[in-house]
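Below is one structure, written out as structure tokens; comments come after it.
Chain IDs A, B and C follow the sequence of writing; residue 1 opens each chain.
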Amino acid sequence: MSGRPQIGGARQTFAPWDDPAARPLVRFEGVSKGFDGAVAVDDVSLSIYEREFFALLGPSGCGKTTLMRLLAGFETPDAGRILLEGRDLGPEPPHRRPVHMMFQAYALFPHLSVAENIAFGLKRQGVARAEIAARIEEMLALVKLEGLGRRRPDQLSGGQRQRVALARALAPRPRILLLDEPMAALDKKLREETQFELMALQQTLGTTFMIVTHDQDEAMVVADRIAVMREGRIVQVGRPVEIYEAPADRYVAGFVGDVNLFEGRIAACEGPLIRLATDDGALDAEGAGVVGDAAWLAVRPEKVAVHTEPPADGRNRLAGTVLDYGYLGDWTTYLVETRPGRTIRAARANATRTLLRPLGCGDPVWLTFAPSSAVVLTK
Amino acid sequence: MRRGRVGLAAILPFLWLALFFAFPFLLVTKLSLSHTVLAIPPYAPQLDLSQGLAGLKVFLDGLDTTTYARLAQDRLYLDAYLSSLRIAAMAAVLLLLIGYPIAYGISRCPPGLRLALVMAVILPFWTSFLIRIYAWIAILKPAGILNAALAGLGLPPVDILNTETAVLLGLVYAYLPFMVLPLYAVLDRQDESLIEAAQDLGATPLAAFWRVTFPLSLPGAAAGALLCFIPMAGEFVIPDLLGGSETLMLGRVIWTEFFANRDWPAASAVAIVLLATLAVPILLFEREQGKVLS
Amino acid sequence: MRGWLKALGFAAAVTLAACGPKAPEDSAPQAGGTLRIYNWSDYIDPALLAQFTKETGIKVTYDTFDSNEVLETKVLQGNTGYDLVVPSNHNVPRYITAGAIAPLDKSQLPGLDKLSSATMLHMAPFDPGAKYAVPYMQGTIGIGYNEDAVAKRLPGVKVDSWAVVFDPANLAKLKDCGVYFLDASEDMYAVALNYLGKDPNSKLAADYKAATALLMKARPYVRKFHSSEYIEALANGDICVAVGYSGDVLQARSRAAEAKNKVKIAYAVPKEGSQVWFDVFTIPRDAPNPTAAHRFMAFMLRPEIIAKASNFTEYANANAAATALVDEALRNDPNVYPTRELSDRLFVTTTKDQALLRDVNRQWTKVLTGR
């Protein structure tokens, strides 16, 4: 599989959500769903566009699966409606919706062979026998399982099963494919490979994908847009870079990637820059707000520079000692104590190869970050 | 210590089998090779170990297979076998047709209700078996409850007591829990997401049932059918009480040999052949059960 | 009373076969000690047992069975632990040959001389010299019938012949209201042979073939062959004719009377003659306490005691001195105490050898199943 740059390159201009004239493929309008009084999905409005790779990201139990099951038709909304190409899906039972789902645990039919599993949806559609055979071959080739058509699910590895589930859901050519944590059961390396394969597949077929994950890295890698959910609500929808670099609030900032937060009050606004009065002194960052309001400055560890000598510039400068560090191969992360009880995370790319330890526990260090690398959050 | 306990646990089932299956089986086999005498006990030869090996030789020389030859010569025995198997098979099919919807219905109920319904299936078993079968006599007899009800509806009376129909009814009634429970076990354990996957792929609820639920429940059906079939083929009490004279079943043949003819060897030989005939289903059953349990 | 609940018998025998002989719990014959009796169910007045214990200090353990077959299967295994068992007359020779029962010590049985000579004559073929058995109760095989139902279907026909149940012409008319035959091959062959004018104890295969042919012609009209269900069925009016045992039919008659269901049951011993049977006291060879068994027999030989026993069972006893002490209704009922004229037409059946028994039972199976 070729890498991300090509795909990204081909998609530079793919942004139908910015086009007011574009008609969404799927639209959730104020959809709510509760179970026994507890709200699982709370007033969700969301548009998903044709050919989009859309990710739902959120912690366990936040309602991702429920939202997907509402679209597939296994749950009925308590309030709101779901539209497919402008048509209300409300009265359609699951088997009439052109929406297919890849289940969290794959739900392969154990009594059917791989080929029969793939043919299942086609047979229900009444596709001709010869075409079914051709489509099975096509799908097996697509997911690289040529020759395994006669196996039973229990004779396959976890990764192979995942592909069969994918092929089975794709074979009847759904308008939108729902993938509920498709890679949760795979090991890290296989997961990364599969992520890229999935993207290529989506690109080839042009099918709209909606993927559920609670793995932020996965969402960042595969998705055109990410919706971050929290307790049944959508907190932010945006491209991965927006979610990461311009989180809507502290929750998103903390959920997607690591972040250092400084609590304080807005002391001054100077154009795009805001000065925040914190317990760690005055800190500058980009953002918008009203003087006097409570606010938080958020800065990601990799944007915090670590110096062994005191730096010249005094802005956004903090002194401390290394409390702990973790060598990750490509990165080393440092935990720096700037005052008793206050630690800051900083990450440094291991740009040069060295077996020497440049920094160790107890070493005095200075941390700096550019105001443009940090954001002020008011929520 | 640990090893010792594991070893004992592994041996126990074999001890159990040896004590309650192999040993009685050998005894009955020995009996089937003996011949009747008017004495205590009413068969010969007896093993006289006081004479040592010579006694054993005399004993072994006294055994023969004439009883089996007699079974082979008289069509009655073959007819009784076939008739027993036929009645048991018919009852098994009826049990499947009746038990499946019941088991399926229970498995679709809310969890709290499910337990209550399973109890309802088992509950009749807490009253005496004989009393329940006698109750059927009261229902089916010519001036019984069934005909009173039919008369109330203005329908002609039916006379089914002492017929094969009544035997089938009794068998189905008595063995229903043994069909419902294994079926319910597989249906209840079935992964709900498989049905959803089928519907998601365009299967109507009915198609999802036939393509997914039903085939996946077949091991339970097989387990239930064999669980019922084997004892039904050897059933004595139900055909004796509800059946007519022409309801020819092996249980009755064994009874006649044992009691009326005082012919223990013949009764034993019939039982041995019954066991051999059913060994195949039993083995099949073991395999199916292995599948269900895995 | 002589209800043959085969189901239970079968279960009992299976248990027996599985468990082997049961040793008595306390087998030492102590002073007084325990007497273990194995008798037909519902076949003795419990008050008599209490009286026996009171008089002798011997405790009584009383177990019951429902068929001769179950009894014999158990006794022929040996080691039953019983001191007294009650087989029917035609089985006694088998017990003697098998060495299963012990000769009586007549010095311990002072009342033997009171037994009716006619009965002892009947018993002679089974127990020559009266060495092994003391008769207890006796009865006949005959036709039990619903008077009104039969009168309606066979107007003007008197139920006094086996032809009522063996002639297909009659049976055809009775079929709709229900005919039961006993499921007891030896009893049924005996009355069938007798009806055909042959020796009820014939040893000729041809005779049995003829009887089988007769029974085969009757079988399409027979609702069921069963040895106890007819009691209830007659009493309820579910059937109208049954070949059955005298005491059982009389019991059906009492039940119908109690139920006030307008069912009138009658019993007839056909004019061609019929079988009379006796249930007799015997002592197993390995009885733990034969002394107590003798004491009990002597007790039951007392006329006032056996008369009470008859009042309870509604069967005749063999004690000539007791007849006058039996309830009047019972002693004057010819179905219980046959008249001399009837008595002359009664016969007993003897024991068949194993080959003949097997052959007769095989033919009986053919009658039962039609194949």
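Everything that follows uses one rule, which is that a residue touches a chain if its C-beta (ideal position, glycine included) is under 8 Å from a C-beta of that chain, and two chains touch if they have at least 3 such contacts.
Bear in mind the structure is a predicted one, so any value in this text is a computation, not a measurement.
Taken as a contact graph, with one node per protein chain and an edge wherever two chains touch, the assembly forms an open path, each chain linked only to its neighbours along a line. Among the chains, the centre nearest to the mean of all shown protein C-alpha atoms is found for B. Computed centre separation for the pair chain A/chain B is 59 angstrom, with centres defined by C-alpha atoms.
The mean-CA centres of chain A and chain C are about 91 angstrom from one another, to the nearest whole unit.
Remark: chain B and chain C have CA centroids separated by 35 Å (rounded to whole angstrom). The part of chain B that touches chain C in the complex is made up of residues 24, 36, 38-42, 74-76, 79, 130, 141-143, 162, 236-237, 240-241, 244-246, 248, 251, 253, 255-256, 258-263. Chain A contributes residues 72, 74, 93-96, 99-101, 103-105, 107-111, 120-121, 124-125, 168-169, 172 to its touches with chain B in the complex. Interface residues of chain B facing chain A in the complex, by the touch rule stated above, are 191, 193-194, 196-205, 207-208, 211-212, 215-216.
Residues 6-10, 13, 18, 67, 69-70, 72-73, 76-78, 94, 97-100, 178, 183, 185, 219, 222-225, 233, 236-238, 354, 357-358, 361-362, 364-371 of chain C are the ones that touch chain B when the two sit in their complex.
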